[in-house]
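Remarks on the structure that follows.
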Amino acid sequence: MKLKTTLLASVIALAPMAAMAADLTIGFSQIGSESGWRAAETTVTKQEAEKRGIDLKFADAQQKQENQIKAIRSFIAQGVDAILIAPVVATGWDEVLEEAKDAEIPVVLLDRTVDADESLYLTAVTSDLVHEGEVAGQWLVDEMNGEDCRIVELQGTTGSSPAIDRKTGFEQGIEGHDNLEIVRSQTGDFTRAQGKVVMESFLKAEGGENICALYAHNDDMAVGAIQAIKEAGLKPGEDIRIVAIDAVPDAHKAIADGEMNATIELTPNMAGPALDALEAYLADGTEPEKWIQTESRLFTADDDNMAIFNEKKDLGY
Amino acid sequence: MTDTLTPDAPVLHARGISKFFPGTIALDDVELRLMPGEVHALLGENGAGKSTLIKCLTGAYRRDAGTMLMDGQEIHPVSTADSQRLGIGTVYQEVNLLPNLTVAENLFLGRQPMRGGFIARRRMNEEARAVLAGYGLRIDPAEPLTAYSVAIQQVIAIARAVEMSGKVLILDEPTASLDHDEVQLLFDVIRQVKARGLAVVFITHFLDQVFAISDRATVLRNGRVVGECLLAEMTQRDVVTMMLGRQLEARTKARDVGPAGKTLVEIDDLGKRGMMAPFSLNIREGEVVGLAGLLGSGRTETANLIFGVEPADQGRIALRGQDISIKNPRDAVAHRFALCPEDRKIDGIVGDLSVRDNIILALQARQGWMRPIPRAKVEEIAQSYVRALDIRLASLDMPIRLLSGGNQQKALLARWLATNPAFLILDEPTRGIDVGAHAEIIALIEQLRADGMALLVASSELEELVAYSTRVVVLRDRQQVRELTGDQITPDNIINAIATEEVA
Amino acid sequence: MTSQTIGPRPSVLRRILPQLVILAVALALNVAVFPEFFQIDFRNGRLFGNLIDVLNRGAPVALLCIGMTLVIATKGIDLSVGAVMAIAGAVAASVVVDGHGWGTALLAALAAGGLCGLWNGLLVAVLRIQPIVATLVLMVAGRGIAQLVTEGKILTFDNPGLIHLGAGTVAGVPTPILIWLALGALVTFVVRKTALGMLIEAIGINERSSRLAGINSRVLLVCVYLVSGLCAALAGVIVAADIKGADANNAGLWLELDAILAVVIGGNSLLGGRFSIIASLIGALIIQSVNSVILLSGLPPEFNLVIKALLILGILVIQSPRIGNYIYLLKASGPQPEPDAPASSPTKEETAR
Amino acid sequence: MIRSTHLPLLITLATFVLAYALCASAYPAMLSLRVVANLLTDNAFLGIAAVGMTFVILSGGIDLSIGSVIAFTGVFLAVILRETSIHPLAAFALVLLLTTAFGTAMGATIHYLEMPPFIVTLAGMFLARGAAYVLSTESVPITHEFYDTLQGLYWKIDGARFRLIGGLMVLTFIVGALVAHRTRFGQNVYALGGGEQAAKLMGVPVARTTIGIYAVSGGLAGLSGIVFSLYTSAGYSLATVGVELDAIAAVVIGGTLLTGGYGFVAGTFFGILIMGLIQTYIVFDGTLSSWWTKIVIGSLLFAFILLQKGLTWAAKKRAAQARMRTATGSAALS
């Protein structure tokens, strides 16, 4: 009898562990695969889940919020243990998060946060998009050191939150420095091709020699722009300084080649901290911080970019 | 042929109607008087201005001069809908009704019985049934229109026009695609409409039909009225003379068949399940084989099977003793077969292409795209056929859809003659074309035969078949029932063959 | 009207005049916002200038609209070209990444594009599925296939031969310009010097009649979709080569709409029939000039779409058959009648019998 | 009596039932009421827009602008509710007026300038999206208590919530079906799809009907935008990109021919449900990568088209045989 109770007790005690080891099912609603960084985030998330023995249900939303909402509702109907969302946009999550809460399924936000009551989600693992822009601006302020500089800006997709926040952040970063001026700003849709096309038009509209720096909202556009600058017979990284955000492998390579000056890392490993927090929460109810901020590290020519490139290149960027 | 006493007041009186197109005068001071309770034939060759006049009456065109009085009131219809409201209903040869709607929906489109803001469908169906019963049709009006034959569709169109308008009914070649019995069905309906006191305008190329049903006629030539007459006082010859302005030479019944040539095409048990029972047919060079039968008896199906439009699933075809395989029209063309199809608009012309391109199309298709026919050669071919067949056009560059029906038909004949065919199949070659072109095409058939070509001609006009056929094959229920040769070929015999039950 | 093999050739110039005028206006707008628009330098071994950019950046749409013109002439439409571009780019990139030469990569990409075209053609010609639905399938699935090839990454490469196709120059002229000019000329030549053009038009106007006249409409239909696929593949290779990487998710995104627009601006009817590749190519340049105005104007990007929509609407309204008829009527008040209404004019009912 | 004309509708219905049965056999949880409620709620905006698209396609046209109009509506509502103090109901009325006018303008352009709908609505698509950008590029949250009230209206059983917007969609479908089959306007739409020339000759007011159709489509896109704003409590100019293609796909899967004239509003309803089912299944499965998702959706679309093609072909063949029987019958009669 006693043995039996002990056994039972130990089984109960072990249950969360067992659940974690084998039976934990987590739904992950990813935005899509619109950029290399996004693909890397998906890869890393899957790796992290596999590492922990979690059954990850992956749903790709093809860049549509409605598909994400549908996916979350389906996760709830399916009865998963927790949900990860990389929200495509900040607004519009209250209703569905409430349903998740009703069903007692914890939700963790990845890489972007939402405009909803904090009680509706467990935690958000994100970088600070505005901060990233600020770091870029700050870098340029230091680099120019009071010299006059006409800047061109390649924005992300019009209306997307990284485009808006990184623009705001950069403007904050260079605020108060009258030597720095953004002379042209146009969307490059976060893509290499558009980045190159728009840079071409900047070079002609302003004259390549009149542009001193380029700020791109992501590395892909910067990589495209580098080619445009080269084709115009200028030296990227020297004639025109280039700073961008994301720190994808190709950006490290460009910095190593001296064609780019700086990039700010947005780590694709949002899932690691998120899953850690979730496991802790499911195991014994440990409430994590509401915001787990990832580091926005600045990389310049001073770093060993080739090494970082080799390290990152297989992550699915 | 009832006698008509001209009543005192026309229901519709159009006076001094003129219509100009850039460069041409389509109608010049035309007068048309329609009396209640009469069938009024509007006659004239293609291009005489019949269609233009009708379009002016129905508001499709704005007249450039003249007045229209409806019951003494001047009217100015600006659209077909408008003229319908004023009391002028029209039934065209084609595009009358909507194939995707039911019979009742077609009948009541735009004036459906309503209840509480919604269409009362059941009542609509009941009313449709009642209306159609009044025309002798007992059909389910909730079925799609396409469930019924063309003749029945035509009656439905007439019923719609009469119910909607109620004063004038214009029938623009309503019988063009009907066979003999269906025409009779239609005539019964026209007589009922007439009895209701409507004025019926009847346009057709079949003079027999004109005399069978019409009381009076207005004849147009070159946009002018050449005469208005009581048909009871006229002969067909008089009318044709008025229309053409010259005496049409009597059709010769050349029954002296030349020496029959060698057998060109042998068809053995060719057939397709669900479409046509297997049939056999031999055709020699210098021979015209006529295909007779009612609509739906398998005339067109026979032509389509031989030409590979529908691949046969049994039987064989041999050309000059050699078995050939025809799986599609391309194979047929490669063996120098040619087919002038029944439905010119759908199967024949390529509307937006120029007349020149239309004439050269089949020859070019046979040559393949790699070997374009040199420009000069094309011009020469097109010109020569335009001359030989007397195709009337402003320019070879004009899109063929702008030509009249008869000229389109001749251009299609030119298309096939340009390929120098050994075996020419003509499916209803004279349907819907005017008297002059009609005679020319019959003469052409005679001449092609004399030149040693083998022809297979399907037609619903028995007189015509009798005129040019050296043999006539009679079809019924998608089977061959009789073959008539030599002196056996008379309209009576053909009708007898169609009417008798047993299969030969 | 359209130039033709057969019959005396009514002036090609007259057919494309409206497009040329619109192009001139669009270029003038560019000059208005950026006076040095026409300035061309020779810099860094290549021609350098805004006009060159318009020609160069117009290359993908120009290539797409060569095939699209033929497809539309047969009364079809090809919504899949953008996705096919992505597939072709991905295939080319993965082949060079695997260490093969650029020639192999180009051939592989063309083969992939051809296969896609063949698939569309078979659906349309053999299974008789409406073109817009048939090509929707590949439009939806194609980008997925492209990502399958690249495994979701931007597949970068540094094969100079391949890069040359997108970013290189020949005698100072960017290669893409030469490619689309050459292909445009080649296809126009083939279509007009053989009977192909007429046969395609015949199919587009009345397929049944054409088939009965002995035209192998099935094979021709498959062929035009095949050509469209090949053109899309070439465009895809150029776009990938231009950025030295295959971006499966973004390459050619929504370009099918631009290509269709270019064909329509070129005065070709979506209802099939008479066509002019030259006019479509000018249409592509018009679109690129509009894009260039937007970029050069320096207005905030929020206004891009509104400006583009308004400019395009203006162009289309000017070209509308109704307005065209109106202008024609004004002109035709003289005694010289010409049966030369636009081929697209659907006013069949109103033409005298 | 089941008429041959209803066959496509029955096929769609049968496909839906079959597909649901297959999904449920793989994942029994798909039978839960939650999934049913989700299907209604999550597809509400798409369904409403698809009703408009059905009318457009029935008439032989196409409307590419609806996705953009939905986004514009959302942004417009969000901005106007943020900037002014007008009541949401008034804002709804205003935006419906605007989008209906927009549709009317497109319809008028299509009719009077004789321009192809594909191109006119493509320009409309750019214009509406552009207008949304001009209003606001950022996603604007809507925080009005009336919105909370509306969102609070649901019927909850077993954790499943049947929300107002799902009901609104069903209502729209019912009204749409009534309008299509039981009003003169609806009949005129079918008539246009059957053949514009014939319709014109039969006195169908082509101008009024064409313009009306696009007005309805614009208005329903506006309604769909309102529903979408309720669904997400926000207006976002990048929302609902490509929804027009989803709507077209739903209409096609629902058995309506893109050439016009044949189809049912009710068919579109099942088209929407089938598409929703596919998505739910993919999420339940949860192993497909981003690219495989696209490929699977494309393949399923293809499978549906093939199925429909096959059934239509079989039905046609049967009809041809029937016709042959009646033809020979009438010949015998005469």
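Each chain carries a letter (A, B, C and D) given by its place in the written order, and its residues are counted from 1.
As a working rule, contacts are C-beta pairs under 8 Å (C-beta built on N, C-alpha and C of every residue); 3 or more make two chains touch, one makes a residue touch a chain.
Bear in mind that the values here come from a model prediction, so they are computed numbers and not experimental data.
Graph distance from chain A to chain B, where chains that touch are one step apart, equals 2. Compared with chain A, the chain whose C-alpha mean position is the greatest distance off is B.
Chain B and chain D, compared by their mean Cα positions, are separated by 43 Å.
One simple way to say how far apart two chains are is to compare their mean CA positions; for chain A and chain D this gives 35 Å.
Centre to centre, using the average C-alpha position, chain C and chain D are separated by 30 Å. Across the assembly, chain A contributes residues 32-33, 39, 42, 158 that each touch 2 or more other chains.
Those residues of chain D in touch with two or more other chains are numbered 133, 137, 197, 200, 289-291, 293-294.
Contact with two or more other chains is made by residues 147, 152, 301-302, 304, 348-349 of chain C.
Viewed as a network of touching protein chains, the structure does not reduce to a path, ring, star or complete graph.
Every pair of chains in contact is given here: A-C, A-D, B-C, B-D, C-D. Residues of chain A that touch chain C in their complex: 32-36, 39, 42, 155, 158, 184-187, 189-194, 196-198, 200-201, 204-205, 220, 223-224, 227, 231-233, 250, 316-317. On chain C, the positions that touch chain A within their shared complex are 34, 36, 43-44, 46, 48-50, 53, 57, 147, 151-154, 156, 167, 239, 242-245, 247, 249-251, 292, 295-296, 298, 300-302, 304. Listing the residues of chain A that touch chain D in their complex gives 27, 30, 32-33, 39, 42, 56-60, 62-67, 69-71, 73-79, 89-95, 99, 102-103, 115, 157-161, 163-164.
Those residues of chain C lying in contact with chain B across their complex are 1, 4-8, 10, 193-196, 198-199, 201-202, 205-206, 208-216, 220, 273-274, 332, 335, 337, 339, 343, 348-353.
Interface of chain C with chain D (complex): residues 77, 127-130, 132-134, 136-148, 152, 248, 257, 260-261, 264, 269-271, 301-310, 312-313, 316-317, 320-323, 345-346, 348-349.
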